Amino acid sequence: MRDGAAIDVSQERVGSAAIVRVSGDVDMTGSPRLRDEIRTAQDARPERIVIDLSEVQYMDSSGLATLVEAMKIAKNKGTLLVLCSMHDKVRGIFEIARLDQYFTIVDSTDEALNA
Amino acid sequence: MRDGAAIDVSQERVGSAAIVRVSGDVDMTGSPRLRDEIRTAQDARPERIVIDLSEVQYMDSSGLATLVEAMKIAKNKGTLLVLCSMHDKVRGIFEIARLDQYFTIVDSTDEALNA
Amino acid sequence: MSATRTAPDYATAHIKLELLSDPIYLSGAREMVSAVSRRLGFDEVTCCQIALAVDEALANIICHGYNRRTDGKIWLYLWPGEGVPESPTIRIVIEDEARQVDIEKIKSRDLKDVRPGGLGVHIIKEVMDEVVYEKRQKTGMRLTMAKSVCACDNNTGGHRDA
Amino acid sequence: MSATRTAPDYATAHIKLELLSDPIYLSGAREMVSAVSRRLGFDEVTCCQIALAVDEALANIICHGYNRRTDGKIWLYLWPGEGVPESPTIRIVIEDEARQVDIEKIKSRDLKDVRPGGLGVHIIKEVMDEVVYEKRQKTGMRLTMAKSVCACDNNTGGHRDA
């Protein structure tokens, strides 16, 4: 069966950090896949998880929920979680939800790896 | 009244050439505006008309009709008409309509000015 | 925010969309609304916000109304406002045949109590000018939303402080 | 290409869109179809082609069927195919209440006779696998279009030689 998700998620290990790259629409069909991938990254217990949103044009509250959950787990495990390369359109929804201060949001993966 | 067109058309004179720049969707709502702008350019009798399609993501047969008409007028007046910077998605419809050979299509405005 | 109203005048809607409560159709519905908003004269940011509100409303119907059943029906009706493109208006009504819930229960969590979920209704209310939930006559819910941009102000909404 | 059929089973459509014959709604309809096609598993190029076919069909109904009246009604019904995302299928039926024309008259100009216009029907037939025009029972026309991509072939259509 088709799962109807228009999203791609992959990850890469860079030193002690895991970079999770997302592309597509992070909506109700795509969020579960992002959640799985972040979980896998977290299970490997990296010091830092960078979530690269440069290829995300659309996110709804299911995406926010996924990232809030990831942040809670990261805080529990003492992992640093950083969001990077967010489009303005996507940042808008973080602001509406008052989550722009809750997350560490930086402009590039480089910055995220060194933040 | 709104006219519902999601298109912007402007023109610029560069030496003996007129460059017509289009952005947006060239569909039934947008084509008449493109047609008007090309007419205005043609009325000034430039040696060459360059139609820059770099910002056009979508074109339907009304756009093709507008460009075929412009080409007929150009041929009549002895003006050179060149299309440039066409996206692959847009080129597809020229191929389907077998119009890719009818027009002079080049990659950049520079090339179009010197073709 | 929970006034009881009579049913809208469906016959005058410019667009009616009926879709199954399957999440794979969320993107189709929101892209349609976004494209129409653009043609009505809304700027890019506002079009995205209107699409987001529609997406959140539909996702809530699928999750909470139909409990993730994918064969429920959802209707979306759209009316453009009269007027110039500098002051576009859009009115959207979304209806379902899902379970009816008390209007007071349709609300997001406290924003300060950060946890996964509980943001959809907040987003809808933040982004749209008018948001009214109500029970339909016999079965299901109705959500009426409207958004206008006045030519005279630059507030396209969405970033106001609550 | 002009077989007479019975009306489709409207009740089984996953999506039904009713819109006014106003060109400002063309983009909404095609963006919806494009987004749904993407979710069904079609590649980017094919999604654009399916959207183009829908746009051409609607534009023809507005121009030729309703003579550019903007208050006519148009219905679009959409069915996804059963099956895996590697072999997506989509079926689209478009109906109107506009004037009925003889099926033989619904055809584009000779491609070699280059002149403005006369390409829409050619594009629709080139881009879709199945294209059937017919008169509806009482009033108006019906266009049935389908497109499939077989997992086993790379031909996404549209660039075949006629």
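So that you can tell them apart, the chains are marked A, B, C and D in the order they are listed, and the count of residues begins at 1 in each.
The criterion applied here is as follows: a contact is a pair of C-beta atoms (placed from the backbone, for glycine too) under 8 Å apart; a residue touches a chain by one contact, two chains touch by 3 or more.
Values in this document were obtained by computation on a predicted structure and should not be read as measured data.
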### Summary
Matching B-D in over half of the residue-numbered contact pairs, the equivalent interface among B-C, A-C or A-D is A-C
### Query
Distance from the CA centroid of subunit B to that of subunit C, rounded to the nearest Å?
39
### Query
How many angstrom lie between the CA centroids of subunit C and subunit D, rounded to a whole number?
28
### Query
Residues of subunit D that touch two or more other chains: which are they?
22, 24, 27, 38-40
## Note on the structure
Multi-chain touching residues of subunit B, meaning two or more other chains, are 2, 4, 6, 29
### Query
Among line, ring, star, complete and other, which one matches the pattern of chain touches?
other
### Task
Just spell out which pairs of chains touch, all of them.
A-C, A-D, B-C, B-D, C-D
### Query
Inside the complex, what are the residues of subunit D that reach subunit A?
38-41, 80, 83-85, 88
### Query
Tell me, which parts of subunit C touch subunit D in their complex?
14-20, 22, 24-25, 27-36, 38-40
### Task
Enumerate the contact residues on subunit C facing subunit A in the complex.
22-24, 26-27, 45, 48-49, 52, 55-56, 59, 62-63, 111-112, 114-117, 119-120, 122-123, 126-127, 158-159
### Task
Can you check the complex and tell me which residues of subunit B touch subunit D?
2, 4, 6, 25, 27-29, 58, 60-62, 64-66, 68-69, 72, 89, 92-93, 95-99, 102
### Query
In their shared complex, at which residues does subunit A touch subunit D?
1-6, 29
